[in-house]
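Note that subunit A is present in both complexes that follow, paired respectively with subunit B and with subunit C.
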Partner chain A sequence: MTTLTLTAPSPHLAFLLRLADDNLILGHRLSEWTGHAPMLEEDIALANIALDHIGAARSLYDRAAELHGEGLTEDDYAYRRDARGYLNCLLVERPNGDFAHTIVRQLLYSAFALPYWAVLTASTDATIAAIAAKSEKEARYHVRHSGDWFLRLGDGTDESRTRTEAALAALWPYTGELFEVDATLEPLIAEGVAADPRSVHAVWQQTIDQALAATGLTVPEVPFMQTGGRTGYHTEHLGFILADLQFMQRAYPGATW
Partner chain B sequence: MTNLTPLWEVFIRTRNGMAHRHVGSVHAADAALALQAARDVYTRRGEGLSIWVVPSNAITASDPAEKDEMFEPTASKVYRHPSFYDIPDDIENM
Partner chain C sequence: MVSARTPAEERAWRAAATVMDPEVPVLTIEDLGVLREVREEAGTIVATITPTYSGCPAMDLISVQVEVALRDAGFQDVKVKRVLSPAWTTDWLSEEGRQKLRTYGIAPPAGAAGRGALFGEPAVACPHCGSTHTTKVSEFGSTACKALYRCESCREPFDYFKCH
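Here is the complex of A and B:
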């Protein structure tokens, strides 16, 4: 199965892939907890959230394939692109770490995704608008679940608080990328296909500030924000995710069951 | 683990007009997380419209050793069952 390389995808296609890749990679990361979560209840909860993300990714890849033509399917995007072709933000590919890392990553992402899906329900791309309407409800639960855990870990035992603080410090540098606007996004925002992520920054900040205030934790000081994922420059972790995700289709091209 | 995450009994109402039914239990640190755990564990296939969670230790249960005095006396009182009436043919749902 040859590698799918997209040379200069249209802004519309790139935007769909950025959204889809965020969801696929975060969904994959969460699915890594299956069978390993701290308790049975959380094992299933994380798997549920993983399935929400992967479901959104599939719908977005479908729309991308429709736009792309050439007979591509959702599977081509998931299984045939190399790391350089993936356009997810770096935050979602960060390793699961301990449970606090997973919860903090989820809260930081979902607190952005919820208001962003909400504005995308007005997208001039009717398919994006429909996916956004469904995903907004799912994201509301993701914020609630990760937010409730954040409070209990951040304001729990000394151990859980130390771990939550460490996770916050480790992941905060990856939050700037969520709100980046570049030459790909600008024309789409003007056309109404995409929404301006900067327009939801205040809501995101408020959600995070409330979560922090409830625990007494503070925003970590970071010297700069990490960036690169939106143009295919990833951390070393994405390659390992793809090795896991794509092995079967790469080794046995077109295999079905 | 269990002292930090006690047991909660889960009751789910599947449709409007139905009663909540006991479906099982979850471990959770507090009521809010118990509700989420119940949602995640027991309503994955669209089973629920409403969930109750109750601390398991808040339930007072009958003693199985007392089942004779508790339940035996009703066994001989068949006349309490509404089965001694002829239902007219025109009544479709009873």
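Here is the complex of A and C:
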């Protein structure tokens, strides 16, 4: 199947794809734990959270396809774009690493997603508002799940604490991108289609501080924040995710079952 | 909220409302609040359903079963539509539905859907012995809408239908 390349997508379309790609890639990452999680209950929990993210992504791709026209479907966005066409933030494509990495990544993202979905319920795009109202409820449980584990790992054994601290240090440089506002977002915020991610920074910080305080861990010092995902510049990891995710449609174009 | 159903719509609603939730087979999709509306639009019966969770894998099966139920009831031209808004909430679970859950061994949602997230738990009563001396084993149980608990009094594990 030919590659879908979007030349200069409208800000509205780009915003939908950014949100959708965050959810698809994070959902895909979490699904990689299926059959490998530290215990059965966690295997099921991570698969369920993955389903929530992929469900949100599907609804957003549907809306994107509707806006886009040209007879595209959700599958075209997921299966036919190359890494340069993906607009997810870099945090969600970071490898699962050990269980601490997965939990810290989830907490950092979900603590942002929860208040961001909440403000998006006021979007002037009624479909985005509806998806946001649904996803906000789900994100609440994602914060709770990762927050509980963050406490158990961060305040657990020396080993689990060391690993949690290492995960925090490795992933913290990817949190700045969550709050970036660029020329794509600015007009949409003004129109009320998108919400300003900076408006939820304080709530995000408060959730993270509360989780850190419960474990005695601190915010790592980082020299700079990573960026690039929102304009399609990714880490080397995204290509491997897509090779896995897109294999069937690339090898057998249009295959259905 | 909406105009009264016509006799045909009423009959179609009753047919669609017999569909059981595939994951919680003691509740109908009406008990759950998944079935939102059944209307006749230009000769087509349109049943509207809403997912409990965005990624709920049961939605495809429910759609097919609603379609089959409507055809079995004699409707030829049927369509199943999915909506996301208003977002499904456990507040829509009827008292009868809650009692059915308890009898089936699933603890119904404790209280109304709230907005709290980090660190905070409701008291969940064991559906087998009624004790509130229970421990959460996992935030997600056999499906996304449930958490896994263990009763410390009767030692039985059970699913808890989370507030949503």
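As a working rule, the second predicted complex is superposed on the first by the 257 of 257 C-alpha atoms of A that agree within 3 Å, B and C clash if a C-alpha of one lies under 4 Å from a C-alpha of the other, contacts with A are read in each partner's own complex, and residues count from 1 in each chain.
The definition used in the following text is that contacts are C-beta pairs under 8 Å (C-beta built on N, C-alpha and C of every residue); 3 or more make two chains touch, one makes a residue touch a chain.
Please read these numbers as outputs of a predicted model, since none were measured by experiment.
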Partner chain in contact with A:114 - subunit B first, subunit C second, else both or neither: second
Subunit B versus subunit C as contact partner of A:45, first or second or both or neither: both
Contacts of A:152 with subunit B and subunit C, given as first, second, both or neither: first
First (subunit B), second (subunit C), both or neither touched by A:202: neither
Which of subunit B and subunit C A:243 touches, first, second, both or neither: neither
Partner touching more residues of subunit A, whether subunit B or subunit C: C
First, second, both or neither for A:140, with subunit B first and subunit C second: second
Subunit B and subunit C contact sites that coincide on subunit A, given as residue numbers: 41-42, 44-45, 48, 144-145, 148
Partner subunit C, residues of subunit A touching it in the complex: 27, 41-42, 44-45, 48-56, 58-59, 114, 126-127, 129-131, 133-135, 137-141, 143-145, 147-148, 151, 207, 210-211, 214
Residues on subunit C engaged by subunit A in the complex (per definition of touch): 51, 53-57, 83-89, 113, 115-120, 137-144, 148, 162, 164
Subunit A-touching residues of subunit B, taken from the complex the two chains share: 1, 5, 26-30, 32-33, 36-37, 40-41, 44
Contacting residues of subunit A [partner subunit B, same complex]: 39-42, 44-45, 48, 144-145, 148-149, 152
